[in-house]
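Letters A, B and C mark the chains as written, and numbering starts fresh at 1 in each.
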Amino acid sequence: MLCALAAIPILIAVAVRLSSSVPPGRGPAFLDRITQNGLFVGVTAMLVSVPLFLPLTVGVVAGDTVAGEAGLGTLRYLLVAPAGRVRLLLVKYAGAVAFAVAAPLVVALVGAGIGAALFPVGPVTLLSGDSIGAAEALQRLLLIAAYLAVSLMGLSAIGLFMSTLTDVPVGAMASTVVLSVVSQVLDALPQLEWLHPWLFSHYWLDFADLLRQPIAWESFLTNALLQGGYVAVFGALAYGRFVTKDVLS
Amino acid sequence: MTRTWLRWMPAAVVPAVIAAGVLSGSLPASAGDPLPEKTPRQVLLMVAQHGEKSLSGTLEQTSQMGLPELPKAGAGSPETAWLELLTGPHTARVYLDGPEKARVQIMDRMAERNAVRNGDELWFYNSKDNTAAHAQLPADADGRHEARPGTATTPEELADKLLAKLDASTEVTVGTDVQVAGRSAYNLLLTPTSDATLVDSVAIAVDGETGLPLGVEVKARGQAEPAFSVAYTSLTLEAPDAAIFNFTPPPGATVEEIPVPDHKAAAALPPSDAAAAKAGKRPTVTGTGWASVLEFPAGAVALPGKAQGGAPDPATANPLRPGTSDPEGTRTVAAALLEQAAVAVPGGRLVSTSLVNVLILNDGRVLAGSVPLERLQAAATPR
Amino acid sequence: MTAAVPATELSIETTGLSKRFGHQLAVDGVDLAVPKGSVFGFLGPNGSGKTTTIRLMLGLAVPTGGSVRLLGEDMPRQLHGVLPRVGALVEGPAFYPFLSGAANLHRFDAADPHVPAATRKARVRSALERVGLTHAADKKVRAYSLGMKQRLGIANALLAPRDLLILDEPTNGLDPQGTREVRSLVRSLAADGATVFVSSHLLAEVEQICTHAAIMSAGRLVAQGTLEELRQGGQARIRVVTPDAGTAAEVLSRLGLSAATSPGGAAPGGGGVLYAPLPGAAGNGEAAPEAVVAALVAAGVRVRGFAIEQVSLEDRFVALTGEGFDVVQ
């Protein structure tokens, strides 16, 4: 899964390298900057992965947490070991979180690496027009990866809850991924503007605020708060469901 | 079973706690002492006297005027930029340090527009197409402002003058205190006395401590939500980091030099305006106060190519057409907006918003005002 | 039926245990009493509720009614105190197919926070050795045969010293050699002092290794006790071989014994076979067996064979659970 994610920045870098030139202002933001600065491969790859690839992989991992064990039948042996239901749930969520942290990090670092290999690396122009050195740019890249990791916490909790609902892992994965798509679609409907700040995907693309000078931390904080809320709500739901669940698989 | 119910408790309690937290957070914070009572004149005086020259803050602007949203940061052209700024919600960061250093950052999605002034240097930058514009201000630009005759009034005089001017058309009151960016503020309310205008009220939030205006809210008649509002969501009254005002265009950016007219030329009318006036294309004003109607003679306003024809030419009406920074493109965006928003009315077409109506007559004249359509039509018929 | 055993001497005790799935009662008021140190056979045809009962005992499912005590502690309240002392095989083995047998055991053992990690390697090795899987320890479970998985499942139950082993159909899928091995394994476990609770749908298996047994049918517990008690629960009967079956039946019914002809049909020599409950048993008349023979002979019945038969546990099992392949619903 992480390898599939790592392929995204590699594809982007190779495609840009092979194509003649990217006209400014076309395609995903930052794409036109790649030829001037390889570090933008990481940013572009993260931007491209946010709507689908990251939620998809996180949905698969989070949806598999409990339902995967139930599907294999190993859940009953873990429980009679006894692993403890709460402990098992926490360990499983920690696993999903670890993946959510690793996934954007892999995209960012592989992107920066392949970018550095194929393109020049130098000072990075921020959205505000100011330039920062490559070292600080790498820091920003890691910050964005952290932002995306936080952004995926809520989805991971939703996946965990979905995973406690069924013994069929594919069902939990699919419903989690579908939910992330639904959330993004709702976020695009202007008629539902009142709902937008409550959608877990609402701030996903605001990682761009980390590319401003000075950094606009508001979206990071708001996003973290929102994700925290989702983790609390769906964590409590997952707890309620899993602790009372009859394990019959 | 009680055990089962106990285990579902967190799932019920957590959303309840969050809901309670959100509700209590969104309630108007009545914390802090109420501000001492002040008359409108005293509040205006505070504004005139306020000495806050250094600040950094975030401005939030929303508008619900019933206009379609324009693509954000679509083009760097100043002609459409103002329209775009009026139609959608925006967040901007503002940095001020004295009169000579300022920076405004309009935070678009995945992009940013900057205006930076550092002494004589003036920079504009749009990250969307990586373009910058530079202007060198005349060295005495600010000295001139202060020396201008007629402006050398004391704050008291200024407040009195303003009140006297407003008196005929507007009721000026101070409403109940409001909270803006976490600060208690006086709420200066301007309510038009005339029924003929679309404007219901204008509310200006004035910081109770410093007199700094913190926000403006314009309400239209018959609309509960403000039609237009701009206010700080956060504010620090300290000098920002000096590095913020140092701007050099990034490598690879297209830089355009804006010629600045010299002192004498600047004192006169801008060339284009002067030309327009010579050609008899200056707007005329009928009515007074809030109900004033501006009339632009035919040809004064750039209209879409087929304005009279009705159906827009799809090729020119596409607002997303690339390369909109050329004048053609500018017109295209304006035209597209017009085509989208205009409805046919007897004698022409109407662009109607909750605050302003614009009537484009079939003969090419354009009437605009914060008044209902009937008054525009009445103003259009020659007496 | 059960000899009165003090509650503390019971490894498993359920009272009125019930589990409802939708409108179907899978387990219906089961009162099990499994004495400490016994090898307890839990018999019942497929679908009679054995696995469900075991899930309820292990706290995997919450009973609709009734309660479970395991090793003297309330389940599932004391689950964390009890389960480390219990090894279990529930509804067949289940493993991560992409891990080796040893890695699977490592993983399950690591799931239990109560056991020391330091001794894990040694415990896994000895558990694998006990079920004869040492040679396949590093093979991926994907490549295991059903019997090997079954052995690995038993090894998982033996990872730590246990006071109670609950094995659900442990010989499923095993070859005769494996079945024999499991039998001796169960005996050796019992010899070590553990209580072994073995469920099975095969009577022969239970008869060979168990000291106690209980019989489930359609979610209900229909009998339990020591094997001896269970056998006695069924009555002995007399078997009469005679060509004069009609007359013999008349004589027997005169004696108050309701005779039935054998389903097996004719006996060699053209005679019929008659069965009747053993006289002297409750409510079956006063005649002693020898008096029955005398009465038959006196009536001119040509008695070619006469025997008193003890009921086999199998007959008892069939009588209690019904015959044939119909899964009891």
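Keep in mind that, in the parts below, contacts are C-beta pairs under 8 Å (C-beta built on N, C-alpha and C of every residue); 3 or more make two chains touch, one makes a residue touch a chain.
Here the structure is a predicted model, which is why all the values come from computation and not from measurement.
Comparing per-chain C-alpha centres with the mean over every protein C-alpha atom, the closest match is chain A.
Between the chains A-B lie more C-beta contact pairs than between any other two chains. Our note on geometry: chain B versus chain C, Cα centroid distance of 85 Å, whole angstroms. In whole angstrom, the spacing between the mean C-alpha positions of chain A and chain B is 36.
Spacing of chain A relative to chain C, judged by their CA centroids, is 53 angstrom.
Of all residues in chain A, those touching 2 or more other chains are 244, listed in ascending order. For chain B, residues that reach two or more other chains under the stated contact definition are 4. In chain C, the positions touching at least two other chains are 62.
Across the complex, chain A is touched by residues 55, 58-62, 79-80, 83-84, 86, 88, 90-92, 94-97, 108-109, 111-113, 156 of chain C. Of all the residues in chain A, the ones that touch chain B in their complex are 24-26, 29-30, 32, 36, 47, 123, 125-131, 190, 205-206, 208-209, 212-214, 216, 218, 229, 232-233, 235-237, 239-241, 243-244. Residue ranges on chain A touching chain C, taken from their complex, read 72-74, 76-84, 87-88, 244, 246-248.
By the touch criterion given at the top, residues 4, 7-11, 13-15, 18, 58, 69, 93, 105, 107, 109-112, 114, 123, 125, 127-130, 132, 234, 241, 244, 247-253, 322 of chain B touch chain A in their complex.
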